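Okay, handing you the structure first.
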Amino acid sequence: LKSYPVAALKQVSPVYFRLAFEAPGLARAVKPGQFIHIKVSDGFEPFFRRPFSVYRTQGGVVEIFFEPVGKGSRLLTSKKKGDTLDVLGPLGKRFTPPAAGVKQIVFIGGGIGAAPFMLFSDKIKSHKAEKLLLYGGRSKAHTFPMTEFKKNGVRVLTATDDGAVGVRGRVSELFKEISLLPSTMIYTCGPRPMMAAVQAFAKTHDLRGEASCEEVMACGLGACLGCSIPTVHGYRTVCHDGPVFGLNELVF
Amino acid sequence: LKSYPVAALKQVSPVYFRLAFEAPGLARAVKPGQFIHIKVSDGFEPFFRRPFSVYRTQGGVVEIFFEPVGKGSRLLTSKKKGDTLDVLGPLGKRFTPPAAGVKQIVFIGGGIGAAPFMLFSDKIKSHKAEKLLLYGGRSKAHTFPMTEFKKNGVRVLTATDDGAVGVRGRVSELFKEISLLPSTMIYTCGPRPMMAAVQAFAKTHDLRGEASCEEVMACGLGACLGCSIPTVHGYRTVCHDGPVFGLNELVF
Amino acid sequence: MNISVKIGHVVLANPVTVASGTFGHSEEMYQAKEVRCLGAIVPKTVTLHAQQGNPPRRMCEVAAGMINAIGIENPGIDAFIATKLPKLKKIGVPLIVSISAHSANDFVLMAQKLNAADGVAAVELNLSCPNLQKKVLVAQDAEATAAVVRQVKAVTRYPLIAKLSPNVTSIVDIALAAESAGADALSMVNTFAAMAIDVKKRRSKIGNFTGGLSGPAIRPIAVRMVCETAARVKIPIIGMGGITCTNDALEFLIAGATMVAVGTYNFINPRAPLEILDGIRAYMKENKMTDIRELIGSIER
Amino acid sequence: MNISVKIGHVVLANPVTVASGTFGHSEEMYQAKEVRCLGAIVPKTVTLHAQQGNPPRRMCEVAAGMINAIGIENPGIDAFIATKLPKLKKIGVPLIVSISAHSANDFVLMAQKLNAADGVAAVELNLSCPNLQKKVLVAQDAEATAAVVRQVKAVTRYPLIAKLSPNVTSIVDIALAAESAGADALSMVNTFAAMAIDVKKRRSKIGNFTGGLSGPAIRPIAVRMVCETAARVKIPIIGMGGITCTNDALEFLIAGATMVAVGTYNFINPRAPLEILDGIRAYMKENKMTDIRELIGSIER
C-alpha cells in the first residue's frame, strides 16, 4: 500500500492508454503475470480498487496498459504527471518461467489480455525458444502497438473480428498458422471464451500451458474469498491462488 | 435545472474564489438575495447540491463568490472554462428593495456573507440613500476585495478578528461608527451569532431590516421541509420561505 | 407499447411516480404538462391535525444518501383538502394521498374525509407511525398493520395502498398481513431508522436524535425486499428506495415491482422521474417488449 | 492514556479490531509487528465441517458498499485448529475465533474443540445461520439466540461474543436475550440481506441470488442500532458497519461501542485499522481524555 508519483499518461491507440508511475521497489519486485490493485478515486466512487497487470518496468518506472471500459478505468485517463497513485502490490501468482528445454513459447492474448506478455517477453528475452504472440482484437482500434513485442524477438500474428488487421476472425483462426513442437509452452490471457478455446486446443495437442484469469476483485489479497472461480480443485481465488492458473486447472 | 458552460474560475484572495458561467436567462431572472443550487459532482460525493448566492451578473454571465470549506465547495475550485455546471435556480426569496424614502442602507456582512450584497448594490446603484457595508472577516485573508463595492458608491467599514484590516474585533464594533437615521434599512448576512447581534442592535434602535440565512439544503425548492429554522411564525424553510427573512422574524 | 398499470381498479398511464415527502411541485421546476406525464404523484403524508414537525437539524447527508427527521410537518387533513387538493387536482395527474394517524380510528376518520373530497385516485397508508399498544410502529407489527388496513378498507372508496417499513425481521409477513386485510397495493419501502453523529460535539446530527435513511445507500436492501415480497403476494408493489436513474428503476421492476417511485433523488435531480419514464420506454424497445408486464418480475429466479 | 478495554475477563490493549471475513493477514501487506498493534483480530467464521462456499459471482460493488455471498468458505474447525491457529497464534495478537453452525449442538461441539486448543482469547458466535425450527436465522429470533448462547456459555472457557444480525425488527430484544443468556459481549452488526440486479441479463448479480450489504452505506443504520442497544445492555459492544476512518470509528464509540471493527474497508485500505487506532489516540488527546471510557457512550442523549 503505497502512493507513487505518476510519471506519464499516454493514449497509444483509439482505445488504449499507458500509465507510468515511479515505483522503484515495485518495479524490482514484480514478476510477469502479477498485478497491482489501484485505488482509482479518492472517495467511494467506484468503491473497489481496480486490478491491472503490470505491462512493463523500465528503471524505477512501472507501467500499466489499459482500456477505459467503465467508471474506474475512465478515472485513470484523467491522471497526470505529479498526481499520486495509491497502489497495492505486486499481487498474485506469476507466470511460471519457461523451462530451459522449452523450444517454443506461444503467447495467446485477446484484447487487453496481451498486456502481461510484454513484461513477460522482456524478462525472457534471453531464452532461446521461438516466441510467438497470437493476438486477437475486436477491430483495428483494439490491436496492440506491436513493435515492442517484435523488438523482444516475438513474432506477432494478429486476427481481428473484421479482418482490418491480420486474419479475419477469432484468435483461434491463428492456431493453424503455427507449427507446434512437443515442448511448446502456451501462456494465455483474455476473454473466457477465448481461453476456453485455447484450453481445448492445448488438450488436443497435449501442450502444457498457463492462463491468466480476470474476476471482479475486492481485496486483491486472498482475504475476502470473493473473486473465486471454479477450478478442478474446487473454488480458487483469482487474486491470490491466481490470476495465473495451469491451463488444465480451469473449468469453463 | 440547466447545464451552463463555465466561463472562468478565479482565485481572488487566499481563501476566496469567483466562478463565472454563461446563463443569460438566469442572469436576467435572478434578484438580489436569491441563490442557485449547484450539483458539484457527477456522482454521489457529496450527495446534496450546494447552495450559493448569486454574487453578480454581467451581461449573460452569472458569478458566484465562494470559499472552499468542504468537499463540495472544494470541487468547484477545479472547474475550468468549458466545463458545464448543473444549476437549479434562481431560488428563494429576494431582499426587499429599499423604499424610495429610505435615506440610509446598511449592509452588514460576515465573511462570505457579503456576497449577495454585491448584486444588491449593483441593482440599487441609482437609489439615493447613503450606502454602507459593515464587514467582518476572520483575518486579512477573509476580507472581500472591496473596490467593486466602492465603485457602487458603498462606503466600506471593516473589522477583523486580529485587527489586520480595519478595526480589531467583531463587526458589532462597527455599529458605533455609523450615524443612524430613522429610515435606515439594514440588510445582513453572515454567521448566526453575528446576525443575532444585528437583530439586537436593530431592536434597540428600532430599525427595520432583513437577514439572509443559511442552512444545509437538500431540494432547495421547499419540497423536503428539511432546511427549516425556527421563526416567530413557527418553522420556515430557508430555501423557499427564505433565505431572506424579516430581521424580527428570526429566533436565535 | 403498453406501459399502463393498475392499482386496484384505477388505471395509471405509466409505472413512474414519486415517493411521499419528496416531490415539490414547484412552478420554477415543472410545468403542469410535465407533471401530467407521470403515472401518479404522491404528496407529503397528511395527518388528522396539523403538525409543525421536528426541531432542526432535520436532515444530514451521509454516504450515498441522507437521514431525515422532518416529523411529518403538514397542515392537517382539513386544510389539505381545502387548500392543497384543489391545486393538485388542477394539474390533471392521478393523485395518491398519503395519510398517517396515531390510531386506526383516526385513519378511518381521515379516509372518510377523503371520501367526501374530490380528485383523489388512491389512498396510501403511511404505517410508520407509533402503535399505541406496543413499542413498535404499526408497520413493524403484522396484526396492527392488518387492523388498520382492514378498518380503512371497510370505509374508503379508493384503492388502498399500504406503505411498509423496512425496519422489520420479515417484510413478507407484514406484506401478507396487509394483503389479506384487503390492501390493493403495497408501497415498499419507507426509510431505515438511522443516525449520524457529530464527533466534535458528540451529539446526533439530527435534532430528533434518530431519523430515516434514504437514497442509493438503501437500494440493495429495498430491491431484495421487493423481490422477496413480489414472489409471495398477488397485489401490485410500488417499489422505491434509492432510485436515481433508469437502471435503478429497472432493478425494481425486474424484481417484481409494478410501479417505481423516485424519492430522495428528486432533491438532486428533479427531472429524474421524467428521465426514468423515457428510459423505461427505451429499454423496452431495445428489448423488444411491448407490454410492461413482460418486464415486471422478469428476474431469473 | 488508557485505551485498553475488557471483553469478559480478557483485557485488550486497545479498542480496534477487524470484522470476521474481512481481514487477510497477508505477509505482503502486514508485518506481524503491525498486526500486533491491534486490540484483537477475528479470522473468518469457521464451521464444523469444511464448506466450499457459494458459486461465483460472490460479490458486487454498489453505492458506497458491496454485496457478498461468500457462503462461509472455510476448512472446518479441525483443519482450522490444526493448520491456521498455530500461525495466527504466532502473530502474538489476541485472537477472537468466530464460529457458526446449523444447530446448538454443533455450536457446543465447536466450542469444546476450541477449549482444547491453544491461543484463543475469545469466541464469537456468528448467529446469522439458519434456524432449523423456523424460517428465520438464529440471530433473527430472540429465543433461538438465547438458546445457542446459553448452551455454548455452559461449556466454553472463553469470553463469549454474540454477533447479531441487523435484519430484525428490534435488535435490542435480541441483544437483551443474548445478554441474559450469558453473552459477555455483542458484535453488531453483520450484513444486511440485499441484492443487485444486472438489468441487461435480468438476473441477480450474485450467484447465490441474495447476499449481504456492507460498507459505508449501512453505517447510519449500524450506528443507530449500537446507540440504541448500548443504552439498554451492560455488556460491551463491538461496533461495526461501514467504518472507513477515524471519524467513522468515533461515531460508534461515542454511540456506546466499547470496541470498533473495520470490515469491508480493509479491502480498500488494509491500513485502515492502524490509522484508526492512531486517530482515536489523537482525538482523545485533542479532547483531553485520558481514559477510553470517557469516550465510550459519550453521546449527548
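In this document, chain identifiers A, B, C and D correspond to the written order of the chains, with residue numbering beginning at 1 in each.
FYI, a residue touches a chain if its C-beta (ideal position, glycine included) is under 8 Å from a C-beta of that chain, and two chains touch if they have at least 3 such contacts.
In this text, all values refer to a predicted model and were calculated from it rather than measured experimentally.
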- [ ] Count how many hops through touching chains it takes, at the least, to reach chain C starting from chain A.
- [x] 2
Open item on the list: Keeping to the contact definition above, tell me which chains border both chain C and chain D.
Closed with: none
TODO: Determine the centre-to-centre distance between chain A and chain B, using the mean Cα coordinates as centres, and give it in whole Å.
DONE: 55
TODO: Just give me the whole-number Å value for how far the CA centre of chain A lies from that of chain D.
DONE: 37
Open item on the list: Counting only Cα atoms for the centres, state how far chain B is from chain D in Å.
Closed with: 48
Open item on the list: Multi-chain contacts only, two chains or more: what residues does chain D have there?
Closed with: 62-65, 216
TODO: Note the residues in chain A that touch 2 or more other chains, in rising order.
DONE: 44-45
Open item on the list: If every chain is a node and each touching pair gets an edge, what shape is that graph: line, ring, star, complete or other?
Closed with: ring
Task: Every chain pair meeting the contact rule - done: A-B, A-D, B-C, C-D
Open item on the list: So in the complex, the part of chain A that touches chain D is made up of which residues?
Closed with: 1, 39, 44-49, 88-89, 91, 215-216, 218-230, 234-235, 240
Task: For the chain D and chain A complex, residues of the former touching the latter - done: 21-24, 26, 28-29, 44, 52-53, 55-66, 68, 70, 73, 215-216, 264, 266-271
Task: Complex contacts: residues of chain D adjacent to chain C - done: 62-65, 67, 136, 140, 167-170, 192-197, 199, 201-204, 209-210, 213, 216-221, 223-224, 227, 242, 247, 250-251, 254-255, 283, 298-301
Task: Residues of chain A that touch chain B when the two form their complex - done: 43-45
